[in-house]
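Okay, so chain A shows up in both of these, paired with chain B first and chain C after.
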Partner chain A sequence: MEINIAHRGDVAVVAVVGSIDATSAPELSTALSGQIAAGRVKLVGDLSGCDYTSSAGLRALLASVKDSRSSGGDLRLAAVQKNVLKVLEMSGFTSILKSFPDVDQAVASFGG
Partner chain B sequence: MSSAEPGRLLVVDDNEANRDLLVRRLERHGYAVTTAVNGRDALERLAAAPFDVVLLDIMMPELNGYEVLERLRDDAALGAVRVIMLSALDEVDSVVRCLELGADDYLTKPFNATLLRARIESSLARKRLRDRDALYARSLERELEIGREIQAEFLPASLPGAAGWEFAAALRSARQVGGDFYDAFTIGEAGRIGLAVADVCDKGVGAALFMALYRTMLRVAAARNGTGAVPDPGAALHLVNDYIATIHGRSNMFATVFFAVLDPASGELAFANGGQEPPLLRRAGGAVERLLPTGPAVGMFAGTAFATAWVRLAPGDALLVFSDGVTEARGDDGTLYGDDRLAGLLVEPAGSAAELLARVEGDLARHVGAAPASDDVTLLAIRRSE
Partner chain C sequence: MKVRQHAVFAARLEVTPAIREFVGRACADAGLGDDDRFAFELAADEACTNIVEHGYAGRSGGEIAVEFDADDRVARLTLIDAGRPFDPDEVPRPELGPALLDRPVGGLGVHFIRTTMDEVLYRTDPNGNHLVLTRKLQRRPPARPEKE
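The block that comes next holds the complex of A and B.
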């Protein structure tokens, strides 16, 4: 798994490339919590390059969505791929996380 | 071994004069020194007693230094022993070869006393570090084994019996401890049976601690919401959800949970599915139904509602509840086992709950082959006899 972070205005786009499993999930947690700690609480998870996530990845997303919201921000997802979408739907994450077809729309949803 | 103990050295050289000179020097420094007269002798001594550092001559009859080194590095039991090659100055090329073969260091003859001491001390320090690591790994292993034994006791020792019903269950952990569990237990006086399969997120010790908590909470909630005139598994999941999300919210742990209450007399199964892979219900006639989620994973946010749904199991119907370790099991070639392949196993009628379980385990084993298990695999099969 690889993580790339880009800033679009006050929105941090955290792109995940590869699979998120128990070994790589802590890295995702660290990346997301690092942004929140630096005051960037509007987060977009770009999952266009992510083909799989285990429950450890969901846990990382849950922690970040809670933390960002409690600081007045949010974590939103972009370009979720089929396998990952299935896991998100099954576990009910689609009911708590807003998801957009691509990064531009996810960034725009924060209203500039 | 404490650093106060003298290092245990093995000097291997076929030249008696070289050997004696080196031994005298090393003993003066307080090391415990043993000698070997050739490569074969060296391997025998290494097998017979523990050593920290071997001082190994390269050119010897009866197995030269290279061959001894290769055998040492191929032998897991001797992997921690440090090796210093002894060479004449014109053997520098071969020293490089030895380093590539896994030697730690080299000394050229004739030996400089200070250099000799420094190299040996540095190798000894490395050996002691490895010994400490090995000791630590062993004690960690022991702790996990204790955890595994205790966790096994959180699974039911035996499955409940009910006339006209068959139950079978299995749990194969990917690690010593994990977050999956199944449960099957009698609720209240009416002979109802609580059935659960759950998968706590993430892996390892953290998941195992929460497994114990979820399992206990679920039993408490079942006693409260499973004994009334109409059992309400959805209310039970709501209770567990709010407790975990409120009291343990900072851990961000959640679990997918399928929880059902069976009335063996009528065959009515009340269930709530919190984000769990839909259990498969194979009707006696061959149709397969999926018991879809009635709520999200349990423990994420307080206040979440979980609906209760109902199905009736008729004679010959079989229900297969499973964790995602089944459908997401990777084969040798990296492919996932998948829902379709699992559902395909239900085309043939189940002879019994145990037979159905064995059928799934057998097919899963064929798919996984020699690939290492990446997740816990949990299965619970229930069948109403014909």
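The block that comes next holds the complex of A and C.
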């Protein structure tokens, strides 16, 4: 798994490339919590290059949703791929996380 | 036609991606469609992660035997380990949806196994713990050419 972070205004776009499982989820948690600790609480998870996540990845996303929201921000998802969407649906995460077709729309949802 | 594949892996977290890959390849070799293959990859990943984290719980030197077999209608994944018994039936069903925001998350992996598989059997005998995951296939493998 590879993580690339880009800044668009006050929104941090965290792009995940590859698979998120129990071995790689801690890396994702560290990347997301690092942004929140630095005060960048408006986060977009760009999942266009992420083909797989297990429950470990969901726990990492959930922790960051809670932390960012409690600081007045949010974690929103962009370009969720088929198998990742299945996992989000099976867990009911689709009712928790806002999801957008692409990064531009996810960034714009924070209202500039 | 029945296809069977078998391999033994070290019970370490960093090996779980290789187990997932083995299961995915076994599914592809058996002609399973994408949805069925994903179901087995996810179930194998979650089950093996539980075996490493809860069954062996940090104990080194453990192994996980992985067996996969499929015919035209069903596919079956069997995982055998010698760690502490970890019966998925004893894992409470997680509260899903917005409730996840209010309380610690647990049991999601077992929930995925139950959701993706049609049958989840667990038994412990002197040879180890056996987790047998069965799924009715959505798409039949391509038929073999008929012999004239």
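Simple rule for what comes next: the second predicted complex is superposed on the first by the 112 of 112 C-alpha atoms of A that agree within 3 Å, B and C clash if a C-alpha of one lies under 4 Å from a C-alpha of the other, contacts with A are read in each partner's own complex, and residues count from 1 in each chain.
Everything that follows uses one rule, which is that a contact is a pair of C-beta atoms (placed from the backbone, for glycine too) under 8 Å apart; a residue touches a chain by one contact, two chains touch by 3 or more.
Quantities reported herein were computed from a predicted structural model and do not represent experimental measurements.
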item: Three-chain arrangement built on chain A, chain B and chain C clash or fit; value: clash
item: Partner chain in contact with A:S54 - chain B first, chain C second, else both or neither; value: both
item: Touched partner set for A:A108, first chain B, second chain C, both or neither; value: neither
item: Larger contact residue set on chain A - chain B or chain C; value: C
item: First, second, both or neither for A:F93, with chain B first and chain C second; value: both
item: Partner chain(s) touched by A:A25 [first = chain B, second = chain C, both, neither]; value: first
item: Touched partner set for A:A37, first chain B, second chain C, both or neither; value: neither
item: Touching both chain B and chain C, residues of chain A; value: 21-22, 54-56, 58-59, 62, 66, 90-93, 95-96
item: Of all residues in chain C, those that touch chain A in their complex; value: 13-14, 16-17, 20, 38, 41-42, 45-46, 49, 53, 94, 96-98, 100-101, 105, 108-109, 111-112, 115-116
item: Touching residues (chain side chain A, partner chain C) in the complex; value: 19, 21-23, 52, 54-56, 58-59, 62, 65-66, 83, 86-87, 90-93, 95-96
item: Residues of chain A that touch chain B when the two form their complex; value: 21-22, 25, 54-56, 58-59, 62-63, 66, 90-93, 95-96
item: In the complex with chain A, residue positions of chain B that touch it; value: 199, 201-204, 249, 252-254, 256, 274-277, 293, 295-297, 300-301, 324, 328, 374-375
